[in-house]
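You will see chain A twice below: alongside chain B first, and alongside chain C after that.
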Partner chain A sequence: MTTTEPTQAPAQRVINGRASRIDPKDYPDWFKAKRRGGSLIVHPLVPAVMVGLPILVIVAIVIYPTIWMFYHAFHDTNMMSLFSGDWAAVGFDNFGLVLSSDRFLSSIERLGIYLLFGACLQVLLGTALALLLYEGIRNNLARTIILILLVLPMMLPPSIVGVLWKFLLQANNGAINHLLINIGVMEATARIEWLDSGLSLWSLVLADTWQWTALPLLIVYSGRVSLPPAVYEAARVDGASSWRVLSRITLPMLREIIAIAFIIRFMDAYKFVDKVYVMTSGGPAESSELPVFVAFQKGIREFQIGEAAAYAILIFLFAAILVTLFLQYLKRVLRAQQTQ
Partner chain B sequence: MAQVTLTDVNKVYPSRHGPVHAVEDLNLTVEDGEFVALLGPSGCGKTSTLRMIVGLEAITSGTVAFDGQPMNDLSPEQRNVAMAFETYALYPTFTIADNLGFPLDVRNVDKVERKRRIDAVAKMLRIEHLLGSRPRQLSGGEQQRVSLGRALIREPAAFILDEVMSHLDAHLKFQMLFELRRIHQSVGRTTIYVTHDQMEALALSDRVAVMSNARLQQFGTRDELYDRPANRFVADFIGEPPTNFLEAQVDGADGAMALAVDGTDLRFQPDPERLAAIRRDGLKRVSIGIRPQNISVHPGPDKAALTARVVLDEFLGEQSIVTVASGDAQIRLTAPPEFQVAPGEDVTFHYRPSDVMVFDPQTEVFVA
Partner chain C sequence: MGKHNLQLTRRLLLAFLAVWLVFTLFPLYFMLVTSLKPVDEINRMVPTFWPETMQVGNYAGIFADPGSLQSIVDSLIVSSANTVLSLFLGTLAGYALARYLRGPVGENLAFFILSQRMFPPVAILIPMFFLFDATPWGADSHISLIILYLVFNMPLATWLMMVFFRDTPRELEEAAYLDGYRPFRAFFKVTLPLVFPGMISVAMLCWIFAWNEYLFANILTGTSVKTFPVHIPTFTQGSQTLWNLVMAFSLVAMLPPVILFIVLRRYMVRGLSLGVVKG
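Now for the complex of A and B:
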C-alpha cells in the first residue's frame, strides 16, 4: 500500500501573502536582526528604496535648485546669458542692486503694513470672535453652525477668493460699492476705486482678512474649550466680574495659544502672493507688491535670474531669523510648561 | 456665618436618554457653625447638592436658604460662599500669593490689608514658603492647601469643600484631616464637606448626611449612623470592614424568640427591645446586621456565643479579620492580632444581643 505523501514544495518564505525571492538564510545579518514576524519589510532593499527615493526627489526639487540659486545670486545671469551660458561673477553686486532699489524697499514697507493690519488684525479679530462665540452663545448647535459659517472662507482656494473679491471690489459694477450706495453711505454717482493705487494694498488686506480670520479663531476657540471649567467656577465663587475673568484669567491662560496662532498666521502672510497675483498683479504701478511677489516678478517675468536669486536669499534670511526667534519662543513656552 | 437649609430640593438634568433625577426631595438643615459631611458613593447626588448650595447649578425645584433667606436666584458671589474644589481649580497663571489674594482683590481690599491676610492664611496652612511659586510647581497636597486657603481668606457665610482630599495620599490626608478640624475649630464657620470616604466624614463632621441614589438616607451624628442606621445601605456604607448581613427566620414563641439564619443552624438572640419591635411589626423574616467590630473571640458577661468554622484569617497589623462560615452563612469578625487560628478549625465567637441590628428584608428599613 502506498501512502500519498504531500509533496513538499521547496522552502519558500511567504510574508504578507507574497513570496520572497531571496532565500531567508541569505538575508544580511542586520535584516535578520531587524525582522519581526509580519513585518512590512519584505526585502532587504526595501528600506534603501523607501528612504532613497524621497531623498532623490528632495535633492532634485529642493537642494539642487537652492544651490543653483545661491550660485546665480553672485552672477549676472539673465535670460540671454542663461541660454548662452556666459554669465560672469559679480560678487555682491546683485544684493547691492536689490537693497538700493526703491521697489524692494517699498515692498518691505508694504509687508510691514500687511503684517500689522492683516496678520495682527486677523489674530485679534479671531481671538475676539472665538471668545465671543464661546462665552456669548450657549446653544451648542448654534455655536457649531456659526463656527462652520465662519470657517467656510478658509476652505476656499486663496486664488478663487482673490477672483471673488476682485469682482466684489470693482469700482463700477462691484457689489461693495453698490452696497455702500444702497445703504446710503455713498452718493449714487460716487465710486470708490478699491483696486486703484491708493487702496489696492488695503483691498488685499481686506480680502485676506475675510479669508483667514477663521484660522486664529479656530485655534483660540479650541484653546478656550480646553481650559479647565473648574477654574471659571472658582472665579465665579470668588466673585470676579466677567471683565476681570477675561483680563486676568482667560487671556493670560491663552497667551501661548494666541502667540502660536500669530506665528502661524505670520508665516503664512510672509509668503502671501496668490491674491496679489490674482487681484492686482502687484499693481497698479507696483502699488501692491510684496517682497515675494517682487522676487517672482524679477525671476519669472523679467528673467533677471541673478537679481531674483538675491531677492530670494534676502527673503530667506529674513524668514530664517524670524522663524528662529519664534522657535526660541516656543521652546521657552514648552520648557516653562514642563517645569511648572 | 449662616444656617443652611435645603427644602424639598430636586435636581433634574436633561440628557439624551431622558431626564436624570440627580437629587430627589432633599431636606437638610445645617446649623450655624456646624461641620457637616455629605457622604455617599459616586453618582449619588452629593456634588449636585453642593453645587446647588453654592449656586453653580440651577435648582430644579425646592429652596436653598441661608439664615431663612431664599438663595435660589442669587449668584455664588451674592450668596457669599467660599468653595474649595476637588481639582483645586487654582489660577494657573497666578502666583500662590495672587491665588490666595484673588477673592480680596475682586472685593477691592487694599494692598496692605490683602498682604496681611494672605500672610495670615499662609501661616495657618503652613504654605508661607510657597507664596512666590506658581500652582504647577506645587505638589497635590500643597495645591490642596492653597485651594483651602483661597476659601479661608474670605469671611463667607459658609465653606463648601468638594472632595478636597480625594487626590491626597493616606499620610497627607491624615495630616490634613487634623488641620481641617483645627481650622474649623478656630474659625467656627458653617462648613459643608462632600466626600465618598466614610473615614473622612466620620473623623471631621459634627453630623453626616448619607446620600444614595439621589436621596438622603440618613442625617445624624456618627453614633446615630453607627448604632441606629436608617436602613441597610447606611449600615453597609458606614463602618470598615463592612457590616455582616444575614437573612433569618423569626423563630420560637414569645418567651424564647430567636433569629434562625437561613442555611445554617446559627441562631442570633437580639435583646428584648429589638424582639419587641419585631413582634410589633409582625415580621416573620428579617435581615440581621452585625458589625465585625461587635463580634469578638473573647467571652463577656452579657454576651451570647456561637460556633462556626474558620474560612479565612486576614492579618491587618493592629487586628485580624477572621471570616467564619456555618452552612451557607459567612460572617466576618475582628480578633486581636495575637489570636492565631487555622482555616478549618472551629471557633466560638461572642456578641452582645444589643449589637444585633434588625432590618425589614423587603424594605431594608431599620426595624430595631
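Now for the complex of A and C:
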C-alpha cells in the first residue's frame, strides 16, 4: 500500500510545498483554502456534485413516483383512464373507500399480529440465542460454526424460503406434519392444515421467523463480542452472579445495539410481502393479506390505480412517522459513539 | 439460587439453543434430501427422510435447463451492474459526506439518503410498473431492475461508505495535501486503500441484496428477463412442481452468499447493522 509515502516527513516540506497556505486547523473547511495562484483547491461545487448525484437518482426513482402516487390518490384513475389520459379529481374519496373497507382494516390487524409475533419475537429470540451462544459455548471454533449454521437461513432469498416452507407445510405429505407424527406429538391420521385460512398467517410468521431470527442474532452476537472483557473480569472478582452480570452489565451495555437490531428488523417487517406472494398469494380467501400486498393487488392486478395509490400513501405516511422516530434514535446512538 | 439449581438452568438454556439449532437445520436438511430424490418419491403420501433412490443427476438437471441457466445469467447481470453503480455513487457521496459536509446539512442529507432504504417500496413500484413501460427499454428489462435496485442499495452503500471514510484518520490526507498532492490524487493514493476492505464488504452486501431480491423482479419483469428468485417458484412440468430441481437450484444459488458470509463475516455484520456494531 502507498499510504506511508506522503506521511513520512511532511513538516520540512511545508515551507516550499505548493499548498503551504492550508492550515490543518481550518479543516473541514479546507476546500475554501486557496492555492498560491488563487484558485480553489477543491471547488465548492465538487462536494455538491458528489452528493448531488445520489440525490438526483433518489429524486428520479423515489420522489417522482411518490408524487405520482400522491397525485393519483386524489383521482379516479384506473387502467383505461391511465392510458387514455382522462381522470377526474375525486378529493378524498379513495381514502374513504380504503379506510371503510374490511379488506384494509383486517389487513392492518394481520400486520399487527405479524409485527408482534414475527418481528418483535424474532428480536427477543435472536437476542436470547446470541447471548446463550456466547456465554454457553466455551470453545471458540464450535461457537463460530454454530453461529454460521444459525445464520444460514438468512442467506436464502425470501422467495425461496417461501417455496421451501410451502413444501414443508403441505398438509398431506408435508415433512412437518410427518415429523410431528414420527416424534409422537400427533396421531398418524391427523393432519394440520397449515396453509388453510385458519393458520396461513401463522405459517407465514413461522417461515419468516425461521429466516430472520438470524439477523438480530448476528447483530447482538457481534455486539457482545465487542464488549470490553475488563468489565466482566471486574464483575467476576466482585463475585457477581451470572444473572446479575446479565441484567446489570450485558443488557445495559447492549441496549443500543439491540434497539438498532429491532429498528432494522421492524422496518423490513413493515414492508414484508415476498413470502406472501410465494406461500399463500394472500389466500386462501384473503386470509393472509397484509396491507402492502393489498396495495399491490389493487394497483397491478386489479388496476384500480387511484385506490391503490390511496393505500400506498397511507402505508407511506405511517412509515414516515416510524422512520423519523427511528432515525432520531440512530442519530443519538451514533453521536454518543463518536464522542466516546 | 442453589448450585444444583444453577446447573439445571444452564442445561435447560443450552437445550433451548440445541432445539433452535435443530429447528434451523431441519428445513435445510430436508431441502438437501429432497434435492437428491426422484420426483415420484417426493410425491408419495408419506415422505421419506432419507432418499431411497439417490439421484445426484438433479444437480446436472438444473444446468441442462436453458431457462435456469438464463435466469442465473440474468441475476448475475442485474446484481453485478447494480453493485458497481451503487458502489460508485455511494463512494462519491460517502466521501463528500464524511469529509466536506460534516455540519448539520451533511448529517441531514446522510439521514435523508438512508431513510430511502427504510420506506416500503410500494409507493415506488406501482408507478414504476407503468412509468417504465413508457421508456424505450420497457419495464421487463435488465436496465429497469438495475436502476430500481438502487432504491435500496445506493442508500446503504452511501451510508456505509460514509461510516468507513469517517473511520480513516483525516490527518493522513492533510499530510498528503501539505506534500502537494491534489485532492483527487490524495483520495486515490491515501484514503481509498484504507477503506478498500470496507468497500469490498459493501459491494458484497449490495450484491447479495440484489441477488436475493424478489419483489421488484416479480412485479416488473418475468418474461424476457427472469432472475432466479422469480424463476425457481415456477419450476414445473405440466401441473407438477419439480421439487427436486427447485431444491437443488435453491441450494446452488445459496452458495455464493454463504461463502461470502463465511469469508467476510466481520465486515458484513458492520454493514448489516448500518455501521453501529464495530464487529
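Note that the second predicted complex is superposed on the first by the 270 of 340 C-alpha atoms of A that agree within 3 Å, B and C clash if a C-alpha of one lies under 4 Å from a C-alpha of the other, contacts with A are read in each partner's own complex, and residues count from 1 in each chain.
Quick note on the criterion: contacts are C-beta pairs under 8 Å (C-beta built on N, C-alpha and C of every residue); 3 or more make two chains touch, one makes a residue touch a chain.
Owing to the predicted nature of the structure, the values given are computational and were not obtained by experimental measurement.
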Taking the superposition on A as described, I'd like to know which of chain B and chain C A:Leu199 touches: first, second, both or neither.
neither
In the overlaid three-chain picture, which partner chain does A:Trp210 touch, first (chain B) or second (chain C), both, or neither?
second
Once the shared chain is lined up, is A:Val231 touching chain B (first), chain C (second), both, or neither of them?
first
If we overlay the two complexes on their shared chain A, which of chain B and chain C does A:Ser159 touch? Say first, second, both or neither.
second
Please indicate which partner A:Ala240 is in contact with in the superposed arrangement: first for chain B, second for chain C, both, or neither.
first
Can A:Leu121 be said to touch chain B (first), chain C (second), both, or neither?
neither
Residues of chain A touched, compared between chain B and chain C (which is higher)
C
Chain A residues touched by both chain B and chain C?
241, 337
Residues of chain A defined as touching chain C within the complex
1-3, 5-7, 10, 13-14, 17-20, 22, 24, 27-28, 30-31, 41-42, 46-47, 50-51, 53-55, 57-58, 61-62, 64-66, 68-69, 82, 125, 128-129, 132-133, 136, 146, 148-153, 155-160, 162-165, 167-168, 172-175, 178-179, 182, 210, 213-215, 218-219, 222-223, 225-226, 241-243, 256-257, 260-261, 264, 267, 270-271, 273-274, 277-278, 292, 295-296, 299-300, 305, 308-309, 311-313, 315-316, 319-320, 322-323, 326-327, 330-331, 333-334, 337
Can you list the chain B residues touching chain A in their complex?
54, 56, 75-77, 81-83, 85-94, 102-103, 106-107, 134-137, 150
Quick one: in the complex, what on chain A touches chain B?
228, 230-231, 233-241, 244, 248-249, 252-253, 255, 337, 339-340
Can you list the chain C residues touching chain A in their complex?
1, 6, 10, 13-14, 16-17, 20-21, 23-28, 30-31, 34, 43-47, 49, 89-90, 92-93, 95-97, 99-103, 106-107, 109, 111, 113-116, 118-131, 147-148, 150-151, 154-155, 158, 170-172, 174-183, 186, 189-190, 193-194, 208, 211-215, 218-219, 228-230, 232-233, 243, 246-247, 250, 253-254, 257-258, 261-262, 265-266, 269, 272-279
